[in-house]
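Consider the two complexes below, in which chain A is the common component and chain B and chain C are the respective partners.
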Partner chain A sequence: MHKIWAQRKAEAAVQKLEQKRPAGSTPAERLLQKELSELVELKDTKIIPTESILKFNMLYRPSEGYYKGGEFEFKFVIGTNFPHEPPKVLCTNHIYHPNIDTAGNICLNILREDWKPVLNIQAVIFGIRMLFQEPNPEDPLNKDAAKQMVNNPQEFARIVKSSMSGYRIGDVEYDNVLVGLEHDKAW
Partner chain B sequence: MKITITDWKDVAGWRWDVPDDEVCGICRVPFDACCPTCKIPGDDCPLIWGECSHVFHMHCLLKWLEAESSQQQCPMDRRPWVTAK
Partner chain C sequence: MTSISACATGYERFLKLKAPHVKDFELVNELGETPQEQLSKAVLVIGAGGLGCEILKNLAMTGFKNIHVIDMDTIDISNLNRQFLFRTKDVGKPKAEVAAEFIRQRSPEISITAHYKRIQDMPEEFYLGLSLIVCGLDSIDARRWINAYIHELADRHGMEGFKPIVDGGTEGLKGNMRVILPKVNACFECGLDIYPPKVTYPICTIANTPRLPEHCIEWASVLEWPRVFPDTKLDGDNVDQINWVVEQASERAASFNISGITFSLAQGVVKNIIPAIASTNAIIAAACTNEAFKIITGSNPYLDNSLLYVGDSGMYFLTYPLFQNDDCIVCGQKEGTIEISSDSTLQQLIEALQEHNTFQLKAPSLTYSSTNLYFQGPPMLEEKTRPNLEKKLCQLFESGSALTVTDPTLPTSLRVIVNFSDFEQQQEEGSK
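Up next, the complex of A and B:
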């Protein structure tokens, strides 16, 4: 009897969820729904859905590298032509990064010229994590940061740290993205 | 016993010649279903094989090849797309 009740409850919950987010009516929505439900669960990233399946945010806390200790937010917007065109992804924080400009544009090959429809959201997430674990100064959007990273990695690390605590560097004010002790806690 | 057959109905199944459970790499819909823009699977929504051995719903692949960014390459391996004969 208990089992039946539990099952009914679960069914009701699923139904409610489906009402909130009806099964995608366009091919892009259907594909996205499938992709999001099949995402590999990563300890350092969290997907935050919005009312539209075609828009969601992602939080990312790098566990290593120059950007460890920070939490970065990305805005994903997926066009109706997905997967024939890549998702549009912006970093919503002002950060000091060789491959990200202060408007949040991200220089990642698979978001531009190397996108192909057999790629998916998972690949984009892995690509973004990669950029934070190993920034790529060969292909910069923030040329000063890239130059600094190549010429003086120690100074680069120092600037990254102070930018992450919200300091103004040159004429750019950066966002405080530090999560402190929260960092190792589960989401 | 003698029986007389007065009527019968044939039923046949079909499927594309691809491994079980495989999906189109572009739309992720099973090959035996149709591409997302079609309604009925079958000859109206065929598959297309490349010489590189990759296979897609024809409509999905054509849509990709129409895009300039495709550079007429297979979306799997980025080699020039050549349809297998």
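Up next, the complex of A and C:
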């Protein structure tokens, strides 16, 4: 062991510093720094940073599908165990969606049971966009919405539209997420 | 490879000592240390739980004379079936302290120091004073932290900061062990993806189609708890809170004709408790201790570098060398130094990094400690960190600081130590 190290030491002179330095970044922070700074820029999503690299919000304006015209906010919290564990993502708006409940929980397989350490933030963003372009009534979180989507797609579309303008449906009050005419404009 | 007979020699020489570790014995290792000196080097045991108790007992019985043990936990009644250094009267006391006291009573000649703390709270001098670390942990988090920290020490202090880690882990009838020599072989992070992920269930199953008692417990703890108590984080050690989960889960289970909700199952699911079997801990801890002994005395070749014990489907042991991952975010991280005047702006530092012959970066993003200095993207983060570009370096950090730099051209991050070329001059002026 000593020999191996001595050899390595000879190969590359190791920088020795006496003064104290604050603890370096954690592996999770380093990975996120790399991932965030190199995210593929998408026209329909925007990342809103906070002071900590481990927390940020994402705004998403679907360009097609039932949810076109709305702007949805997602809160990302990444634990120190990333990428061993997936990021925690919640939708902060009350919305009517087969795969999202009114508490903001999102039923996306890669956020839970199908998460793998090779996946990354980009994959989660693509996953969320897919849920809005093509909601999946097969694995519902909001059962009523899923049933409606299968049985009466037109009525489903109508409810989605009115929920997005902030109407109360049944005993749930939805958030107004419409962005109006500016929608197609870039941020 | 060393031959079997040669392997036996080193260890037989130890056995032939007249009495364990007599003073006048001539056997010295390659550094000229006697066996007494070798075994008097400080060894840290991280974790005083199932594995930790076994490791501490084994180290003491093997002749280690200078042991440190660190654990942030206190003793729970459910630990007593396997954590044999603890008795009923010890429930509620710090694990590290009770374990150390037991060893002290049994073998007063051993110097054993307890640290009832988190590993993150120990100072750098403490880690520098160690010769070896043996981990008996149940958390990936803590392993990743100590692994990254030890690699940083090796980077900064060379041989003095070189601390081998012997890491043990068990899960039911399965176990594993790793010998990690910082920067020499595969580190913990290199093999992170071989560790099984936490068991989780699809959230839609939990919400709509529960089939198992675990689904009902997750419904109560993951969905209902945050809805009913939005401002309180569920605490797996709080009996009242777990009872609430049991109550909610039982009600739901009944309506879906599911049975089997118990307090211990609920706590197990909430805390993600991995079943522990005393003898698996004994097997892995024994293997860890022997490797620790061989590494610290140099008596025999040690494990290269991973061991797997599979006892749940037949029984076999497998040892294999895990290869270093070139793109590893910890041990694959390169380090470099750059000299620049403290009057330079961050913008100028970035340009210097781009023009630097060894780095040749394209679009570097920089952080210092947990502060974002400059990010190339996403746009709002770039905008937010842009004002830093005009700032002088001496306003942002001190000379000798290590920045974490990422760049599209690099597979992993780069640690760049920034030395101010006018540092000495500044120091002199300061002292005048």
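Here is the rule we use: the second predicted complex is superposed on the first by the 163 of 187 C-alpha atoms of A that agree within 3 Å, B and C clash if a C-alpha of one lies under 4 Å from a C-alpha of the other, contacts with A are read in each partner's own complex, and residues count from 1 in each chain.
The definition used in the following text is that contacts are C-beta pairs under 8 Å (C-beta built on N, C-alpha and C of every residue); 3 or more make two chains touch, one makes a residue touch a chain.
Remember, predicted model here, so these are calculated numbers, not experimental data.
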| item | value |
| --- | --- |
| Contacts of A:N99 with chain B and chain C, given as first, second, both or neither | second |
| Which of chain B and chain C A:S162 touches, first, second, both or neither | neither |
| First (chain B), second (chain C), both or neither touched by A:L31 | both |
| Which of chain B and chain C A:T80 touches, first, second, both or neither | second |
| Greater residue coverage of chain A in the superposed arrangement, chain B or chain C | C |
| Touching partner for A:N109 - first (chain B), second (chain C), both, neither | second |
| Chain B versus chain C as contact partner of A:P117, first or second or both or neither | both |
| Touching partner for A:K143 - first (chain B), second (chain C), both, neither | second |
| Shared chain A contacts, counted only where both chain B and chain C touch the same residue | 27, 30-31, 34, 83-85, 113, 115-118 |
| Of all residues in chain A, those that touch chain B in their complex | 27, 30-31, 34-35, 83-85, 113, 115-118 |
| Chain A residues within the chain C interface of the complex | 1-6, 8-9, 14-17, 19-27, 29-31, 33-34, 36-39, 41, 46-49, 52-53, 80-81, 83-85, 99, 101, 103, 105-107, 109, 111-113, 115-118, 139-141, 143 |
| Chain A partner contacts - residues on chain C that touch it in the complex | 30-31, 124, 140-141, 144-145, 148-149, 152, 155-159, 162, 164, 181, 183-184, 189, 192-193, 195, 197-198, 200-204, 207-208, 222-223, 226-227, 295, 298, 302, 329-330, 333, 335, 337, 363, 365, 367, 369-370, 372, 375-381, 384, 398, 400-402, 404, 406, 408, 412-413, 415, 417 |
| List of chain B residues in touch with chain A within their complex | 25-28, 36-37, 60, 63-64, 67, 69-70, 75-76, 78 |
